[in-house]
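Presented sequentially are two complexes of chain A, the first with chain B as partner and the second with chain C.
Right, the complex of A and B next:
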């Protein structure tokens, strides 16, 4: 199973900034291993973030996103203690959901 | 006649054409050389240059520290530290003493290398953790030593555990117990290793890291014989290398030094690496350790 994400969120003047660190290989499918065989592509395809059950951010990732991706975004609203839930799905169908609270 | 004279004339003009640049190059070189022969202005100029060259790196590093993937390994390491593993099915948290009691991780990293009576040896953090994994949890050392450092797409368990332990010493002062004669002994060995000149290029650690103001290409090299320099060599390890996305430990860095010197690489968790780490971290005593870092 995939490793957990690190989620940090802070609210200031009615705007919440969310910082997410995901643990993923993000293989492009362009690399070859020592034996010359292509390392199959393996990357996050979709990322969704929810604030109190409402989707506030949706993103499609591709192979150009770096290993162990870092994503930060802002949305209007959000108060201290509110729940932020981030989930991702990769091209192998593996998924991971983690949550954090707004500080 | 003309045919003969012509080449001579050409030869003269060619010589004239060549001469002026040669002269200017000569004077230029002389102009550059002059300040370096005077000891004082050169380090000052180097210091200014250093700031300009490292400023961008530092800015980038500050941004990256906010989102250092080292934290992912820290989280993984915490899990590994606390879970029951190995043949003996015990956790390190309930069996491993890093110097201030079983399971105590706060401030442990900055207090190592230190002497451990149960192993009758001076050990650095990684060596101690591996020792605990082998002695307390029943892991096989030979298995661990087969692939001791991160490569490709995987980081060994002990790397994550070291990262977790190091993070528990974030913003603490380095405090290697150098007044312990056994630690002092290893420290002195490390000092000698750092001064040992050998290998096909015949240089020692100190050739580049033993005095102020040295650099390799654009990179400034810390003077490891002083606390302010030694901390630069300690800071940021264990570190996440953006190149390749690997989490690497201080032990790995020492092995890489030997590789760069074209020395045979030491065996995993060997005495010589502990000695070098004791010398370097011990010299940095009293300096602030900022926790696991991020490297180019």
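Right, the complex of A and C next:
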């Protein structure tokens, strides 16, 4: 199981800004290890963020996204204390869901 | 059997591994590959990517702004922001022209979400960043060159 995400969400003037930091290697499949064997690709493919059950962001990642992916976006609405739920799935089928509250 | 497995792993990379898991019934294919479009992410040239996305030849637009450093000292972590002022922006793609897997990410923007995303990408070498935006069913793009001092791919 991967490490938890860091989720920060702040609401200002009716717009909520969400910042997510995921913990993942995001291995490209291009790198070789010390023995010269290719390190297989291992990366997050899908990210979904929901606010009160409504999807507010859906992203698909490729191997060019940097290690420990960062994502930020803004949506209209959202009140202090509302929960933001973010989930990701990687290409090995591992997944993780975390939540944060709007501050 | 073992030899075959080895080849599958080698040739297919990560997706080969995924295929094995799927074949073994460990994970359901629909759960693993909800909507992830392999064809788009496998594109090696801009034209391939446009073909896989089905965008045709996009139109250059000044309504799309890319924020990224002019010079990235470390190609492993390059912050990129894309803002689209086009009405009804539905989706934003970030592409790195000279990366081995050039489509870095795409973002679907539901109604109520602003057409503004920030993420961090890897860049193997100095390259153009492309932001492809689907707005109201049409495709637009903007580019920005980022010079990379130290590559972030390979090892």
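By definition in this document, the second predicted complex is superposed on the first by the 103 of 103 C-alpha atoms of A that agree within 3 Å, B and C clash if a C-alpha of one lies under 4 Å from a C-alpha of the other, contacts with A are read in each partner's own complex, and residues count from 1 in each chain.
FYI, contacts are C-beta pairs under 8 Å (C-beta built on N, C-alpha and C of every residue); 3 or more make two chains touch, one makes a residue touch a chain.
Values in this document were obtained by computation on a predicted structure and should not be read as measured data.
Engineer: According to the stated criteria, A:43 is in contact with first (chain B), second (chain C), both, or neither; which is it?
Structural biologist: Second partner only, chain C.
Engineer: First (chain B), second (chain C), both or neither: which does A:89 touch?
Structural biologist: second
Engineer: A:52 in the overlay: touching chain B, chain C, both, or neither? Say first, second, both or neither.
Structural biologist: After superposing on A, A:52 lies clear of both chain B and chain C.
Engineer: Contacts for A:72 in the overlay, against chain B (first) and chain C (second): which applies, first, second, both or neither?
Structural biologist: both
Engineer: Chain A residues in contact: does chain B have more, or chain C?
Structural biologist: On the superposition, C touches more of the residues of chain A.
Engineer: When the two structures are overlaid on chain A, which partner does A:3 contact: first (chain B), second (chain C), both, or neither?
Structural biologist: first
Engineer: Thinking of the overlay built on chain A, is A:63 touched by chain B (first), by chain C (second), by both, or by neither?
Structural biologist: second
Engineer: Of the two partner chains, chain B (first) and chain C (second), which one does A:15 touch, if any: first, second, both, or neither?
Structural biologist: In the superposed model, A:15 contacts chain C only, not chain B.
Engineer: Can you list the residues of chain A that touch chain B in one structure and chain C in the other?
Structural biologist: In chain A, residues 27, 66-67, 70, 72 are touched by chain B and also by chain C.
Engineer: Which residues, counting only chain A, touch chain B once they are in their complex?
Structural biologist: 3-4, 6, 19, 21, 23, 25, 27, 66-68, 70, 72
Engineer: Which residues of chain A touch chain C once you look at their complex with the stated criterion?
Structural biologist: Chain A residues touching chain C: 15, 26-32, 38, 40-43, 45-46, 54-67, 69-77, 89, 91-93.
Engineer: Looking at the complex, which residues from chain B come into contact with chain A?
Structural biologist: Per the touch definition, chain B meets chain A at residues 66-67, 69, 71-72, 75-76, 153, 245.
Engineer: Quick check on the complex: what are the chain C residues that touch chain A?
Structural biologist: Spelled out, the residues of chain C in touch with chain A are 9-10, 13-18, 21, 26-27, 31-37, 41, 76-79, 96, 99-110, 112-114, 116-123, 152-155.
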